[in-house]
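What follows are several structures.
Shared between the two complexes below is chain A, which pairs with chain B and chain C, respectively.
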Partner chain A sequence: MRKYLFIFKSELMSTLQYVFNIAAGFIGCFILLFIFLNLWQYIYSNPSEIINGYTMNQMIWYIIITEILWGISSGKKICVKISNDIKGGNIAYNLNKPYNYILYSLFSHLGSAFVKAIIYTILGMIVGFMFLGSFPNLNILSIIAVILTSVLSTIISALLVSFIGLFSFIIEDSTPFYWLYSKLILIVGTIFPIEYFPSIIQPILKLSPVYVVCYGPAKLFVDFSLNNFITVFISQIIYIGIGFGLCTLLYKKGVKNLNVNGG
Partner chain B sequence: MSIIKVEKLSKTFKVKLKEKGLKGSLKSIFKPRYKTINAVKNISFEVEKGEIIAFIGPNGAGKSTTIKMLTGILYPNSGNIKVLDIDPKTERKKLAYQIGTVFGQKEQLWTHLTPYDNFKFFGAIYDIPESRVEKKIEEFKELFELEEFINTPVRNLSLGQRIRCEIVASLIHEPKVLFLDEPTIGLDPVVKENIRTLIKIMNKEYKTTIFLTSHDIGDIEKLCKRVIIINNGKIVLDDSMENLKYHYLNKKIVEAKMKEKVNLDDEDGITILKDKGYNLKIEVDITKKSVSDAIKLLNPDNIIDINISNTPLEDIISNIYKEEKK
Partner chain C sequence: MLMEVKNQFKITLLSVKYALVREMLNKTTFITNILFMILNNASFIIQWIVLYSLKDNIGGYTFNQVLLLWGIAASTYGFSHFFFKNAYYLSDTINNGKLDSFLVQPKNVLLSAITNSVETSAIGDFIYGYIMLFIFGFSIKNFILFTFFTICGGFILTSISVILSSLSFWFNKSDIIVDTGNSLMTSLATYPDGIFKGIVKILIYTLIPAGIVNYIPVEIMTEFNINLFLIVIIFTITLISLAFLIFYKGLKRYSSSNLMVARI
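Take a look at the complex of A and B:
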């Protein structure tokens, strides 16, 4: 485990060189939040009105949390890196190192996500407070639950995008799949909570990555319940198990047939 | 004691073929065609403990493929490999702790971190206790003169400094065998010399077996006592450097500065390489004519200055490559 903590630490140290770039990256997030704030203010004629189980404040905090989560865990960098490593043959040079490539990629991703998490959370909370003037009712348990499920959400997202990246073993370029995944998360989970979709689709969405990656932690932030936390937590653990298993399977199959360009 | 044992090793690659033009591109989508390339063909060799061995060949000869199979990166199609009695195919992870690799054209260091942080990282990767890593860093810092830049981010280092750090990073876990794939590529002569000294130190101080591939004849000449030449996937020569230099091509180069012009023609055992009237360069095949006979032809009284040298190793190796091609 020590080696993976070192990978996390090394990536963290590397990412610290780009703190201002990361902070600047929040501008895009801020613009999106500003648009949705105005949109929801228009939709909610009365701030105390409840639509699909959400007040206006809850709805806006939901979007802030999902935007922060997506900013932290989108994992485009890890997907592109794995895909390029496979296409360019660089993956070969990781094979004779005594670590697990999937865990290496995961901990490296967590290292950079950690820096982003701190910056995006601080800026997101400031923006939320500026717009709404208050925080949702939170206690120690709900804060711990939100942090824990957010960490697990980041791990799941990293595993899912790693799996997409590893698809380059089969098809030349797997980035179009990343595009599909990111749009699914953005539209279905980030902008609208699951309750906004027709009831016939909701059970499917609750089984999809949307539930464990963004909906789960954001829902706990705006409307915490222990039952909900347990359901989200168990679903996340199952997703991590399946995600890691699939990545390992695809990786093992891929490296067996590896051809390295240039010898 | 053999550290590396290779028996009847072969590796083939499947390469996608594409006919020319747009039609060819479309055709390859619906009806892809493949060609099989035999990169390594049935090669066998052994390497003894503490040897510095040159494994050389022209581009595409199969040397990097062989190194990648020896280090567990690629799986062979057939044949057996044992490195330190470990099979790289089935025990890649176990082998990783025992060997070090430096691929001159591939960076393994974290560019935003300093060499010190990188060495600590590699120490952790190889499960070396923190105190031992610190000790090793101190030792290498002095031995390889890293003091000046050990706390400078790798991205700000010169290529020579970076390669030096790459080699040190691959030594942190004290590997018994070090695979160096073109470690001096792109370096200036002074830095090349520096790296060669470093490799010699490693071999002498730590008894590390070195398996080296390089296109730089200087690397081979100055470091290795044994050379294996691979061409078209087959071993075409496995001999000591001494034999290669002095017996493989029994030719001497004689360069002479003359008082008067000499009219010399090619004859059995003598090839005129350059004739500029007063300056003459000839190649003498000593199996056919002795050097003293060649000098007699020039008339010793007529010679102002003379230099007799061996055929450059580069020429010898090029000739071996060319002969194989024929």
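Take a look at the complex of A and C:
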């Protein structure tokens, strides 16, 4: 475990050199938040109106949290890195290294995500307060719950994106699969809470990555409940197990073919 | 003068053609890129189905008009990123001294620099635009207008990127300005202008001309207006001229970095 913590630390130190670039990256996020603020202000003709269980302020805070989470954990970099390692043959150099390639990629991603998380959270909270003038009702327990589920959400997202990156073992360029995954999260998870979708689809969405990656932490932020926290937490642990298992399986299968092809 | 323009046009088309042939070497990746980009764009329809289940009219647009707005946004983006992909990397080309190889060629420097590669997935955006046109309502008139606005919008998007990237001749780190400008154009383009108020409404028809590229075309295709049509043409010509002017003014300040690269 110490070696992975060292990988995490070295990636974190390296990312700290680009703090300004990360902060500048928030501009894109801010533009989207601004558009959604306008859109929801238009849709909620009266700010105290409740649509599908959400007030306008809750809706906008929900989007701010999901956008922050997506900004931190979208993981395009990790997907491209794994895909390029496979396409370029660099993956062969990792075979004799004393680490697990999946865990190496995961901890390296978490190192950069950590810095991003701090910057995006501070900026996101400032923007939210600027737009709405108040925070949702939070207490120590709900803050801890949101932080914990957000960390797990980042890990799940990294594992799922790594899995897509590992698809390059089968199809040369796995980027198109990343587009689909990102749109699933963005449209179904980031823009609307699950309650906005028809009741027939809602149980399916609760089983999908959308629930553990975006909806769970954001819902806890705008409307905390202990029962909801336990459900989200357990679902996230299950997803981490499945995600890691799938990545390991695909990696092992892919590496076998790589050996046959001569690397 | 006309002969020169004709020759330059031919060279540009050849440059794009060879770049496309290079991309088509791996047919599976080529087709997957296009198909998945169409699916990627189509996924946004879900967003609008949900929004229109809450309200019949959003920002003065019906559901069909929003689809047309998306169609125009996608096809202009596709046109610009397919033919002029490198306009979006021009800032990097200037900053890293990669313009050298284009300066020694007997061709227009700007056009050579921005047309030497194509983005395959942009074909998917382009096709998606026309699919949206068919859903909105196909007619010869709509088809011609849509194609015309796609070309004008594509030129406007490219010109904006060239203008912002040309700032790299004067300032370092202007890539942040380029990214923000391009991101503003694409993000604002896909939401009805009726949801914006005050200063933003003025900005989208001036400094961030998403209104000229997307909103006016939707308005014209819904109800033809010759004045608005002329505004689009004049704005496009002005912006293209401005892009050339600023790029060539900046080019005088360009200095090589002695970077050794092989262009294959």
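In this section, the second predicted complex is superposed on the first by the 258 of 263 C-alpha atoms of A that agree within 3 Å, B and C clash if a C-alpha of one lies under 4 Å from a C-alpha of the other, contacts with A are read in each partner's own complex, and residues count from 1 in each chain.
Everything below uses one rule, namely that a contact is a pair of C-beta atoms (placed from the backbone, for glycine too) under 8 Å apart; a residue touches a chain by one contact, two chains touch by 3 or more.
Computed from a predicted structure; not experimentally measured.
Asks: Determine, under the contact definition given at the top, whether A:Arg2 touches first (chain B), second (chain C), both, or neither.
Replies: It touches chain B, and chain C stays clear.
Asks: Considering only touches as defined above, state whether A:Ala92 meets chain B (first), chain C (second), both or neither.
Replies: first
Asks: With both complexes superposed on chain A, which partner does A:Ile187 reach: first (chain B), second (chain C), both or neither?
Replies: Touch partner of A:Ile187: chain C, not chain B.
Asks: Between chain B (first) and chain C (second), which does A:Lys256 come into contact with in this model arrangement: first, second, both, or neither?
Replies: first
Asks: If you count the residues of chain A that each partner touches, which comes out higher, chain B or chain C?
Replies: Of chain B and chain C, the partner in contact with more residues of chain A is C.
Asks: Check whether A:Ile35 is in contact with chain B, with chain C, with both or with neither, and answer first, second, both or neither.
Replies: Only chain C; A:Ile35 stays clear of chain B.
Asks: Going by the contact rule set out at the top, does A:Phe131 touch chain B (first), chain C (second), both, or neither?
Replies: Neither partner.
Asks: Please indicate which partner A:Ser10 is in contact with in the superposed arrangement: first for chain B, second for chain C, both, or neither.
Replies: Once the two structures are laid over each other on A, A:Ser10 reaches chain B alone.
Asks: So chain A touches chain B in one structure and chain C in the other; where do those two contact lists coincide?
Replies: none
Asks: Please output the residues of chain C touching chain A within their complex, sorted ascending.
Replies: 26, 28-29, 32-33, 35-37, 39-40, 43-44, 46-47, 50-51, 54-55, 58-59, 121, 176, 179-180, 183-184, 187-188, 191, 194-197, 200
Asks: Going by the contact rule at the top, pick out the chain A residues touching chain B in the complex.
Replies: Touch list, chain A to chain B: 2-3, 5-7, 10, 13-14, 17, 90, 92-93, 95-99, 256, 258-260, 262-263.
Asks: So in the complex, which bits of chain B are touching chain A?
Replies: Listed in rising order, the residues are 13-15, 39, 60, 62-65, 68, 71-75, 92-93, 95-97, 99, 101, 103, 106, 108, 110, 112-113, 117, 120-121, 124-127.
Asks: Would you pull the chain A residues touching chain C in the complex into a rising list?
Replies: 21, 24, 27-28, 31-32, 35, 38-39, 41-43, 51, 171-173, 175-177, 179-180, 183-184, 187-188, 191-192, 196-197
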